[in-house]
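Input: one structure, supplied below.
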């Protein structure tokens, strides 16, 4: 029995992008116990949404909960508000929402993959992934007019239409990206040193994933088939545009990388189908009603299941808005999966969870 | 969304008979202010397609102790700790100070009087 | 192994990074940039101010009732909600021009807060003034009416008396 | 006297040349990642910027050990360039690393401790290989002096190619390059022993890295004997190899590193030694 060391990682650490704090108890650099504190950035967004902002403005406020999954938050909120207002949005708006969500998923997954590479000590792959990610940012800018804060969904529909030349540009860029994606899959799959760092590391079994209610690619890599796109179809018709569940069985960092890379392929397919089958209709359903009653909405953000609960009281301001971010569900699983790993692989494991603490703490 | 009313006394029995880790997925806990009382909610959903969201809820007085469901749902401690700090609800066996600093004024999400 | 040789191969390729401030980056034609305002078309309904999520638009009003449009590019989130809310085509529009950086001298945040409060104040004052004027006018009207009535009554009595 | 002019000049200019090598390496690395990269003199700009920083020291012994690390490394380099006994040079180099390890353990920072720990482990990984190279040198030239290698007519590379391969395998450990940069590992232990140094005292550790470049490339140069063109070729090849390797691998953990260097590099060097001593 070696001497126990306590290694604090965070709230500021080179390998962390987000303000979270882990305290690892290690024996000869082997982690035996983990404590976590993930709430460093409580911003009171829920309180602001229920007091300061009108319900139509809230979709812009919740977009600021997170920079990466901005569109997921705005869409989820818009859907919950539409449920409260009891309106159905036009089909074209649904398709456009799916388009932007999937483009966003590509860029979020590539960002996560690049950070896994960086935290494994593979700076060149980080640079390469970031270089290949640039196309998705430009496409989002072309579609939404902004690189990060899309402000694309509003209550009742979407703000902008997809211009034909932009649609052409998306298809062209996706064709250009396909060989690059193949190259990335090759590197992440076959690079020997990277597999030393990633294979068998940060494992979570399917039973533990189920017991700890893990969501997103984290759960799918462990073989737990949980994806909101597979479960709900009332709000966005995912199956119509070629959604397919991606799972792996290993449950380690490598499996998470592979799940993300293959999900990018699925996203590309969805985007192509959306553009091919874009229905003609209005963009927004206008209504003069006020939100009333209770409603919940689930949506698959890049990191997993996003859950919105809202309660309206027939005024401009909501009574209560509850946001559950994907990382919130993963906290218990995150803490669990560190045990019996080398401290040296801890940064790569953290990055492979793809934690989004701004979402979690709100 | 299916809403099932329960009470503090029967909550644990209800959840134990309902919750099956292979079928259901615990999402989050939530509390809504209803005047003087508070509505505490436990959200579950299915892994199946089409999925159904189930919500257990109960009305409590302010300051009343809510039983913890940690022994039924393993990952519930995060949601419970969040409610304790943000909504100032008294949950069994859960200390303050996970979501906010321990010396922070508790209940920032409560409506200002 | 492939990565090893591609790393050496990369030595002979152009860097993919752009020298951003010195050469332009990609920008779509309909980039969400600064909000433009055409005063001659504005109908002063203030719907943009109500719609704006961060409160980057405010109207002040002087004592004659003339309104002035104020816009803060540092508070604006370029969502275009004001343009959608505008009932008059062309009065508000979104340009593709990115906002310039805010300088310290502009005092853009505190100055804006002050301006915002002052604008609301000025409107309240105008409303109060209007109310006061209306009340005055009503009082004057009432007085005038009363005077007229009195005069009429007077005249009536006069008539009566004259008649009598 | 004339023969000493070049080594002495090299010794005096070593930090400066090392800085240039480092600056050039940053450009090459950036190009390998398809970036533009910093200007060539960036290490010196960093140096000047660091000199301007507020100096905070953990305790005086810590700062002193940092400076001594630099001084002893320079001394080891000087002896190597002057052609002194290779065993002496290697042990002086070991001493300089030991000083850094002591500095690392003298603070209370956990990252500094881990860094010192890992530095000690990496010494365990590369030092045996260096010693075996020195012994092979003795067998081949009849002397431990580095001067014997510098003046040897036939390049040592042809006599002990496996030892050269072994050296190439352990150099990433010494120069803290992927896949063996466990001692520094900024994503894990944020620089390790360097973490607690600041300002002017960090300069010592920072510049010592530049000296390490010169030290390692001189070791490579040793294999060319008196053939200067071959020597330059070897150094350039090694430089390219190190950077390409750095850009195509992830960091392995210290156990894998030890297994690799003691299992493969050490064996290679040892086989070479056996062949040399038998023929």
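Note that the chains are named A, B, C and D in the order they appear, and that numbering of residues resets to 1 at the start of each chain.
Here is the rule we go by: a contact is a pair of C-beta atoms (placed from the backbone, for glycine too) under 8 Å apart; a residue touches a chain by one contact, two chains touch by 3 or more.
Note that the coordinates shown come from a computational prediction; the quantities given were computed from them, not determined experimentally.
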- Query: If we look at chain A and chain C, which chains touch each of them?
  - Reply: D
- Task: Identify the chain pair with more contacting C-beta pairs: C-D or A-D.
- Result: A-D
- Item | Reference chain C; chain at largest CA-centroid distance | D
- Rounded to the nearest Å, the gap between Cα centres of chain C and chain D is 65
- Just how far, in Å, is the C-alpha centre of chain D from the one of chain A? 43
- Item | Cα-centroid distance, chain A relative to chain B, in whole angstrom | 24
- Just curious, how far off is chain D from chain B if you go by their C-alpha centres, in Å? 58
- Item | Multi-partner residues of chain B (each touching 2 or more other chains) | none
- Residues in chain A with touches to at least two other chains are numbered 124-125, 131, 191
- By the touch definition above, chain C meets two or more other chains at residues 3, 7, 16
- Query: When you check every pair of chains, which ones turn out to touch?
  - Reply: A-B, A-C, A-D, C-D
- Query: Mind pulling up the chain C residues that touch chain D in the complex?
  - Reply: 1, 3-8, 10-11, 13-17, 19
- chain D residues touching chain A in their complex are 32-35, 110-111, 113-114, 178-179, 181-182, 185-188, 190, 246-256
- Query: Across the complex, what residues on chain D touch chain C?
  - Reply: 28, 30-37, 240, 243-245, 247-249
- Message: Help me check something: in the complex, which residues belonging to chain C touch chain A?
- Response: 2-3, 7, 16, 26-28, 30-32, 51, 53-54, 77-81, 84
- Message: Which stretch or stretches of chain A touch chain D in the complex?
- Response: 5-8, 13-15, 29, 117-125, 127-128, 131, 191-194, 196-198, 342-347
